[in-house]
Structure formats: structure tokens, C-alpha cells
Amino acid sequence: MVYATDYTLAELLVATAAREIKDGDVVFVGVGIPGLGAGLARLTHAPNMIMAMECGSIGSQAYRLVLGIGDNACVENAICNTSLWRLFSDQQRGYFDVGMVGGAQVDKYGNLNSTVIIDNRSYQQPKTRLPGSGGANDIASSARKTILMINMQARRFIEKVDYITSPGYLDGYDARERAGLPGGGPAAIITDKCIMRFCPVTKEAYVASVHPGVTIEEVKSLVSWNLKVSPDLQKTEPPTAEQVKITRTLDPEGIYLRGGLRNLTFDRYIEMLENSRDVLSKAFMKKLYNGSADRC
Amino acid sequence: MFTAPEGKRKSADKTMTLTEAFKLFINNGDSIAFSGMGGSQCVAHTYELIRLGYRGMTLFGDSPCEAGDMLIGAGVVNRIEVAWCAYAVAGLGHNYRRAVEESIPAKIEVKEYSNYTMGLRFLSGAMNLPFLPTKSLLGSDLPTYNPEIKEMECPYTGERLALVPAARPDVAVVHVSRADKRGNCQNLGFISNAENIGRAAKKTIVTCEELVSTDEIRRNANLTFLPEYCVDAVVEVPFASHPWNFPYAYAYDIPFHAQQMEAYRTREGFLNWLDEWCFAAGSWDGYLRKVGWDRLFKLQQVERRFTLSSI
Amino acid sequence: MVYATDYTLAELLVATAAREIKDGDVVFVGVGIPGLGAGLARLTHAPNMIMAMECGSIGSQAYRLVLGIGDNACVENAICNTSLWRLFSDQQRGYFDVGMVGGAQVDKYGNLNSTVIIDNRSYQQPKTRLPGSGGANDIASSARKTILMINMQARRFIEKVDYITSPGYLDGYDARERAGLPGGGPAAIITDKCIMRFCPVTKEAYVASVHPGVTIEEVKSLVSWNLKVSPDLQKTEPPTAEQVKITRTLDPEGIYLRGGLRNLTFDRYIEMLENSRDVLSKAFMKKLYNGSADRC
Amino acid sequence: MFTAPEGKRKSADKTMTLTEAFKLFINNGDSIAFSGMGGSQCVAHTYELIRLGYRGMTLFGDSPCEAGDMLIGAGVVNRIEVAWCAYAVAGLGHNYRRAVEESIPAKIEVKEYSNYTMGLRFLSGAMNLPFLPTKSLLGSDLPTYNPEIKEMECPYTGERLALVPAARPDVAVVHVSRADKRGNCQNLGFISNAENIGRAAKKTIVTCEELVSTDEIRRNANLTFLPEYCVDAVVEVPFASHPWNFPYAYAYDIPFHAQQMEAYRTREGFLNWLDEWCFAAGSWDGYLRKVGWDRLFKLQQVERRFTLSSI
């Protein structure tokens, strides 16, 4: 395993997200960094992974960057195109191993808020109206495990979120089970500074590893509660050279990796799609025919 | 008590123009729902509703983009029951934010669900059942602020369940890959909630990228997700989802969308956009001409390179 | 309109069933005589009729006799192949105009039994175990109107059926509505002797017409309650010559019309299918292109 | 309380023989459900279960024919939860009748539903919900004799609803048009309850008329009604529904069926049939050889003349 020496924080996060996925997992995928993580996993250690997208598409094999949860990339070479209700019912049935969820606020039990920042105002007329749950509540309720992705700021990591959009462990201990939620709850919070995991008993988040160059003091300063730290604190594993290379292939214009949407011209975009078709179809063929996945 | 609603209009030819269909089946104050999820959005339909000057409408939606944010900004909709409203990768729903945070252009009423439970609400309406149970929503704050989400103890197992009420919009607007004149609808690609929205509504307007013969429908009957008896009107509207993608038809015009979202950051920007792209353009054909058929053709052509379908 | 002079009882029943179907109706069709009735309607006055079959097929245009509710004839040239639950949900939604139901016993409120003849024994160990509801209960519950088909015998037309498999008007008056049933209930009972309809107020069955050659006394003798008779009693309309001709084309071996299954050899059967393919496809083409149905 | 059951077996190649699949996934005393409705019956599977000598099973079914009547007659099943059991146009379910009326070969326990509500029970299991509501069954005698059918007043509208409990069989046996080695299933023609039976069961065995490549599945992804994550085993079993029809594959062999039904009128007739067609034949291949490949070929060929599908 050759670790990359030259990589960005975004590329580290993509690799970290990818590592939460096992080969064969059914993964409820969104877009952005988690989506890239899923794409990366698919082209490295998890060739048999199945991506489920909210629009109702299952098992796509897209030769391009996924630009939305109902992008054509989601149906590209899919094994099944179905309805939203059916896809989410399959998740409620327990068929989805991993779900990736984000939010604007998180608390120590992994409850997420992506609905409203109330901030001394009201739910009806809040300080900031966020987009809302979308499928996040459902993923957090029913996926076998969820991976939360959120950047660290003291106003984001708070004792009690303004609104629980996506349930984590609620008040900790067995509160989640008592509420009747079928899914396993959060397995990790991947942040821009560290990875947190959850105590199996109290269900409180603790720091499991800090990213290269980040101190535990910095992490603690960005959390508004007294954050627990693993006695066996690790350094987050950096991405491998292969992971970085593939990540850049997946997002050649840096739309997610470098916020590159604003400067994307139509011609560059069409060119990106056409190149990507050729480059990624080759990458898939190589992986699928020479790699560990059975091609049947 | 709810009795089974009347069947839809029966005719061997339900084709008409979008304006005719809207004028015939949509009234001020109606509740409405649109198909699509990210891609396949009902964009042409959103512009047409705004152009026709509808007011006081209620929107039932899962995760509407244009059909949520623009209808709120244009003052068409003043009540929404949704799971989410924004433009995903392209940007935030500034009109939605302005309405909730600052009552611009007007105060709106919001009832929140999740994507799955909105899907269940449409399914419930499609099945003519007053509610469906689910394991979503439990433990979260959605029921805290939405009294229509009820909880019950299962009479069989004792487990906790959340209940969501049926959504039965006055009108459904469903955009599909292909349909025949009778209203038999087929999609290549995902279905989102279209199959249930089209069934749950009292009146259903179908638009399609391509009108096909009934024989063509019969050749692939397993693809039909909405049969003619659910449908009142059929309109052929190619590129109806632009700038969004439509599966097996055209790619996402995300550079266009990014530009549009930039304009929407301010209220003036949004109103200018409407003036230019909705009112001055005069029709969806006008909008498409303004986008440019060469650009649309490129979006279609690039999509073809990714296509495997044998259908 | 030229009435047939030479026709069998079965052919009369087929024509009578066909007349209950209007053009454009969505009809929940079974097999046998009612199925032939639907097929006849489709090829005469109701070219835009849509047949729904329990297996999940909608709008078939079969060039052969339908030999089961999941026969290939049900998917042949269908407009939609879907699932059983979806088809029945569409019925519960109110999309199906007519449903045809049969049974072994019926009472004066149109309640049908196709489950058990108890006859002084028990439900658990009855005199005769019948096949059960199948979809009949659902059709009777939710179709906008149902047409019941049952042959007359005093032990079949009884005051109270042993078991209500398919609800008619229950105890009459508004009992059906109070039970919460969404469908409209029975519109007619087509028997081998007469047609009964239902009083709009009491919901009790009365004789509306007797078949040619049948007396009202004979009808009354075959019913174990005091059967009401319309003051305006009609003679059942005989089949037209065209109806009889088409009916015979639909069932050339008389499988339903003459109980012709028992003597059907494999070779005759294959030959029947092949002929029927040619004859019926021509009949459909003639109807659809020259008749009142739009072909689009 | 019911927690989400474990996912199915994960493998890129789930193919095996029918005997292997049954031995691996089916135990005496299990509950089982089969796909099919009239046509597409699981006949090969019924013979195999009988041949392997299973006992004490519970059958969940909508309207089983062979899989109901024959399994009862052979003593495999002693408890059924169904809507109907017979052979439709071909004949009555004499084994079912003998079991209920005369306890031959043994007493069986019967819980009755309707086709729709059995469909809802499978849907309910597929959705991991403990029950679903319906407007069927109300006012009838099905709830009178089946205490598992409950009634409730809708907490939203006050209307009366019947409730049916989820069906979650230990094993589902689903026969489809085509599948790949991973278990992605597609049907040409109706789906019956297959999509929900396959999801609701703890273990799911898929058999297909034709094994195809995953690329072939991807070319028509809208036809996939059961994705691989619902499936544990895949077996190619052509003509598995004989004498029944299978859509787009072969016609109904009703003359054969009529002969078979004639034999089933008596207990000896049925047992002789089993000896000859199930045990002496030794396998489904043996059965098909006995039927005659020329006859099977004719059933296939005549079906082709009726086929429009472009897929």
C-alpha cells in the first residue's frame, strides 16, 4: 500500500468515506464527497458494491460524475430502475447496509439537523431555513449503519441540535431502540478534522482518529460539549496514491473536490462528460474483468 | 368518510397543449403535485403555472426544486407539504428561504415530512387508504412540529409506528419518457413517485418527452407504470426538464443551472429571471429557443454516448 | 339489429354479460362465460374497454381464448403488466368500473358464498369445501359495480348464505356503506333463467327479465325466499346474430360454451391456438381500424 | 418486536441446482410462499419439495394451484394461509377438499384471506411493516372465521378499515423470466405477487426460465422487479411451470392438465400420479422427458406466434 504524499483534505475525506464501505454492501448514496467516496470504493476494494439512489435507481455503473440523486448517472447501467417508495421500503426492510447523511448541526449522540437553525427564533420563522430532511430522516431511521459527514465548527457540534431531522442515538443508551427505529444508527462521524465513533454502551461520540496535521486540542475546541477521546487515539489513515488518482479521475473538473462548478463552461462540461465516458468505462472494465468482481 | 373518487376522463385521444390542459384541469387554490426527483423535474410545467398566474395553491412534493422554490417565489404557492426544497448541487432554495425567514413574497405554511413518508402519502392516496404506517420519523422532531404525523402501537406486535395521512392532490403533473394518446405512460429510468402521484390525484396531466403509438406501448407492456385509466390529459413536451437531465434523453445542463442559481440569490435577480425566461419567452418553446436548440441537441447527443438500453 | 334464431343458453348468457359493459369501461374479468362476455363486448360495442386480470395484466388484446386469470392471453398485447397488489389497489382506488363475480350460493341482498357449504356441519369441517375467495371478495368490495353470475337452484338462492365471501348489500338498505365498503355493490345477477336487479332503496334483488322460454313461476320455484318481481317484467334480450357468431369464434372448441375441455386433444388444441391467432387478429383489426375505436 | 431481518446472501454467483437450493435453504416446518397466479405456477418446485420429503410446512399463498393442492395431498403442508386453492379451468382442488372435509391425508389448518389482502400481507412483509390496512374484507365473513383480520377506525377520517398482518415466510420460491447469477430478476409479463414474496421472505430462491448476463439485465433495468440483494440462490429451470403457461415462453398445456385433474379425483389417482410423475421421474428433467420435448417445443413455438414484445 503506497500512501499518497500529495493530497487535499477533500481527497482524504473521500478516501475515508470509501473505507466505511465493504465489498458487497448496498449503499444509500448521495452526491458530493460521500458520493465520490462510494464511487472510489466501487473502483477499488468494493467492486460488488451496489449504489442506491433516492430517485429509485439501484446498482448504477456510471462512467461520469453523479451530479444529483436523480442524475442520469444514477440510471446509467443500473441493475434496477424503480420507484422512490420501493427503494425506501427496501431500506426499511433492512436491505441497505450503509447510508451516508449530512447536516448543519450534530450532537454528541449523532442526531443531525438539516431543517432549521432556530437560534432564539421559532421553527416557523427561524434564523436559517435549511432544505429539510429529504431522504435523510429515512436513511438515519432504517439503514443498517449510517456514516455522518459534517465539517467541524463549534456552532455545528452542539449539545442539543435545534431540530432532530435525522435520528442518531437520540438521548443515548437504548433510546433509539425504544423509539422503534429499525436501523443500527450512526457508526461514524467523518469531519474535516477527525473521525468520531460511538461508545457501544452510552452511544456517545468519541474521537477515534485525528486527520494528519490536526491536534486533538483543535478538535476539542470546535465542539461545544466536553468531547470524549479514545484512549487509543489514532492518526486517520491517509489516502493511497491509487485512491487519490482515481478520485481525481472521478471528478476531473473538481466540482466537488475544489468547488469547481462556478467556473464550468458549457463546452468544458460537455468535454468533461465525453472524456469521462472513455476514461471511466476503461477503468471499470479493467476493475471488473481483471479485478476481484465476477463478471457474469 | 372518503369514498372512492371518480375515475379519470375516458377518451382514446387525450392530447392537447400544456396551456389547454392547465386551463381545463387546474384552478386557483388547488393542491398540486409533480413527478421527478433531482432529474426529470417538471420545469416547463412550473414556468407555465407561473405564466398563467395561478394563486393560492398548495404543493404536495417529495423534494421539489423549481416546482417548489420558483412557485413560492412567484407567489403561486402559499402552502407546501414537502420533505425538502432546494436545487441540490446547483444551489440553495433562496425563494423558499426568503419566504420562510422573511415572508417574501408572502408568508408560507410548511408541513414537513421525509422523502419516504411523502412517497408513502402518495402511495396511500393511490391505494385509496387514509394513511400508511412507517418506521421513519420515529424519535425525530418531524412529528414535534407536524401534528398530522401520528403514532400508534401496532395491534399485532405492540411495536411503535408512525402514521402519515394520504396525499390526494387535486391535480398531478407527471412528466414521462413516452406516452400514447390514451395516456399509457412508460419511463426509461427511475420512476420517482410518479406512479403514485398520478394515481392519487383527482386529475392527472401527463406530459411526455415523446408521444408514441399504442402499439409501441403494447410491445413493452412491462414498462407501463401508469395506465390510461389514471390519466386525463396528454401533452408532448420535449426537453420539459431543462436544465435538469432526463434519463435516456438529455444530460443535466448544470452550467446553465449554476448561472440561474446565481441570479436567484437576490429577489431582483429572481424576478428578472422570470421576466426574461418565463414571461418574455412567452412559452416553453420560447424558452427552448432562448436556451438554443444547438445546446439542447448537444445535451441529447452526449447522453446517447452513455446509453445501453435495448428498448 | 338482427337477433339470432339459433343460439344456446350459454351464448345468451355471454351476450347478456357483454351488455353490462359500456365502451371505455375498465372491467375486472375472470374466465368462462363472463370472460367470453367481456371478449364479446370488446369486439362489438365496447372496443375501448380495458380488461384487468388478477395476475396483474391490464388491457390485453388476446387473439385466443383466455384459459386462466394468469394465462398468456392476459398479457398478450397488454398495455400494462404489473403486480397483483397494484392491480387490486387500482380497483380499491375506484378505477375499475365493472367486476364479474360468481359463487355457489347467493342471497337476496347479493351476498355470495364461494368458500364453504357448511350444511349443519362447521366452517372448519364443512360439507363441501369450495376454492375460496380468490379475488372475489376484493372485486365485490371495491368495483364500482359488480355483475354476479350464478345458475339457479333452490339450494343456491337462499335466505342467508352459509358464509359471505363476497359482500353484496349485506343486510340491505345502507348496510354496505356503513360497513365501509367503497365499491357500488351488485348491479345485476345474471342467472341461467333470468336477470335480477336490485331495489335502489331496500337493496333487495328482484326479477327484471326472464330468459326466452322461461316462466316467472319457474324462476320463483328456484329461489328459497319470496322473490320480488318487477311490475315491468321484461323478456331478456336474445343475442344478436353477430354476437353469436363472434362468441363462437372466441371459443371455437366450446371449452366454456359446451364443456369441451374433456375431449380436447393436444393436437386439436395447438391447431385451435394457431387458427385463433389468425381469425381473431383479423377480427380485431377490422374492429379497431374500421370501427369506433381510435387506433393511435 | 420485529427488527429488520438480516440481508440476503451476498455473492456474485448464486447459481446452484434446485435440489441444492432446497436442501440449503428449506427446513421441515418452515413457512413457504410461491410466485405465480394461474400461469407461471411453481410446478417444478412443488414436485421437488414432495420428492425431498418435506413435512410440517406452512404455505402462505394467494391462489396456489399445484403448490397448494399437491403439497396438501402429499402431506408436505399442514397449515395454509391462502385466498383460494383449486386448478381454475382445469379442475377443483380435490386434495384440498379431501383434507378439509375428510382429513385425508391429514387434518389441515386453514386461515383465509382474499387475493388482494394476501398481496397486501406480502407487501407489508416486504416493507417491514407489521400490518397494512385495506377496504376489502369489511362486512364479509372472512374476519368472522379469521381472528388475525382486525378492524380499526382510521385516526384521521374515522372510517372503518380492515387490517391484515404481514406475511414473512421463512422461504420464498420465485420463478421468473430471466435472472443473472447475482439474482437480478426480470419478468416479461405479469408479476403476480413475486416482487413482494421475494422481499418479504427470510430466504429467497429464484428460478428462471433463462439465465442471462448482468449486462443483459443492465440493458433493461426498468424490467428488474427483484434486485440481487433480495435473493439467496439462482437456478435455471426451463419449463418450470408446465403444464401451466409462462408468458412469452410457452402456452398452457391444458389438455395435459385436464388429464392430470381427472387422475386427482380420487386419492389413489393422485398417489399414482405422484409415483409416476414425481418419484419415478426422479427429477424435473425426468418429468420433462416424460412429457416429451417435442410437445414442450410445440408449446413454445405456438406461443411465439402471439408475441409482440420487442425485448
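Each chain gets a letter, A, B, C and D, in the order it is written, and its residues are counted from 1.
Methods note: a residue touches a chain if its C-beta (ideal position, glycine included) is under 8 Å from a C-beta of that chain, and two chains touch if they have at least 3 such contacts.
Keep in mind the model is a prediction, meaning the values are calculated, not measured.
Q: Treat each pair of touching chains as one step and give the shortest count from chain B to chain C.
A: The distance in steps between these two chains is 1.
Q: Once the contact rule is applied, which chains count as partners of both chain C and chain D?
A: The common neighbours are B.
Q: If you tally contacting C-beta pairs, which pair wins, A-D or A-B?
A: By the number of C-beta pairs in contact, the winner is A-B.
Q: Taking each chain's centre as the mean of its CA atoms, which one is most distant from chain A?
A: Taking each chain's C-alpha mean as its centre, the farthest from chain A is C.
Q: Taking each chain's centre as its mean C-alpha position, how far apart are chain A and chain D in Å?
A: A distance of 40 Å separates the two centres.
Q: Taking the mean of the CA coordinates per chain, how far is chain A from chain C in Å?
A: Whole-Å distance between the two chain centres: 56.
Q: Whole-Å distance, chain A centre to chain B centre, using C-alpha means?
A: 27
Q: Starting from the mean Cα coordinates of chain B and chain D, work out the distance between those two points in Å.
A: Averaging C-alpha atoms per chain gives centres 37 Å apart.
Q: Which residue numbers or ranges of chain D touch two or more of the other chains?
A: Expected reply: 1, 128-129, 134-135, 159, 161, 187-189, 218, 221-222, 225, 308.
Q: For chain A, write out the residues touching at least two other chains, lowest number first.
A: If we look for residues of chain A contacting two or more partner chains, we find 57, 75, 77, 81-82, 89, 92, 142, 180, 182.
Q: Let me make sure I understand the interfaces: which chain pairs count as touching?
A: So, checking each combination of chains, I get A-B, A-D, B-C, B-D, C-D as the touching pairs.
Q: Which of the residues in chain A come into contact with chain B in the complex?
A: 31-32, 53-57, 62-64, 67-72, 74-77, 81-85, 88-89, 91-92, 115, 123-129, 131-138, 140-142, 163-167, 170, 175-176, 179-182, 255, 261-262, 264-266, 269-270, 273-274, 277
Q: Please output the residues of chain C touching chain B within their complex, sorted ascending.
A: Those in contact with chain B are residues 24, 26, 48, 50, 57-59, 61, 75, 77-82, 89-90, 92-95, 97, 142, 144, 180, 182-183, 293-296.
Q: For chain D, which residues count as touching chain C in their complex?
A: 36-40, 62-63, 82-86, 88-90, 92-93, 96-97, 100-101, 103, 110, 112-117, 119-120, 122-123, 134-142, 145, 159-161, 187-196, 225, 244-248, 251-256, 258, 295, 298, 302-303, 305-306, 308
Q: Within their complex, state which residues of chain D touch chain B.
A: It is residues 1-2, 128-135, 150, 152, 154-159, 161, 163, 165-166, 187-189, 215, 218-223, 308-311 of chain D that touch chain B.
Q: Give the list of chain B residues in touch with chain C in this complex.
A: Spelled out, the residues of chain B in touch with chain C are 1, 3-8, 10, 12-13, 126-129, 180-182, 184, 199, 213-214, 217-218, 221-222, 224-225, 227-230.
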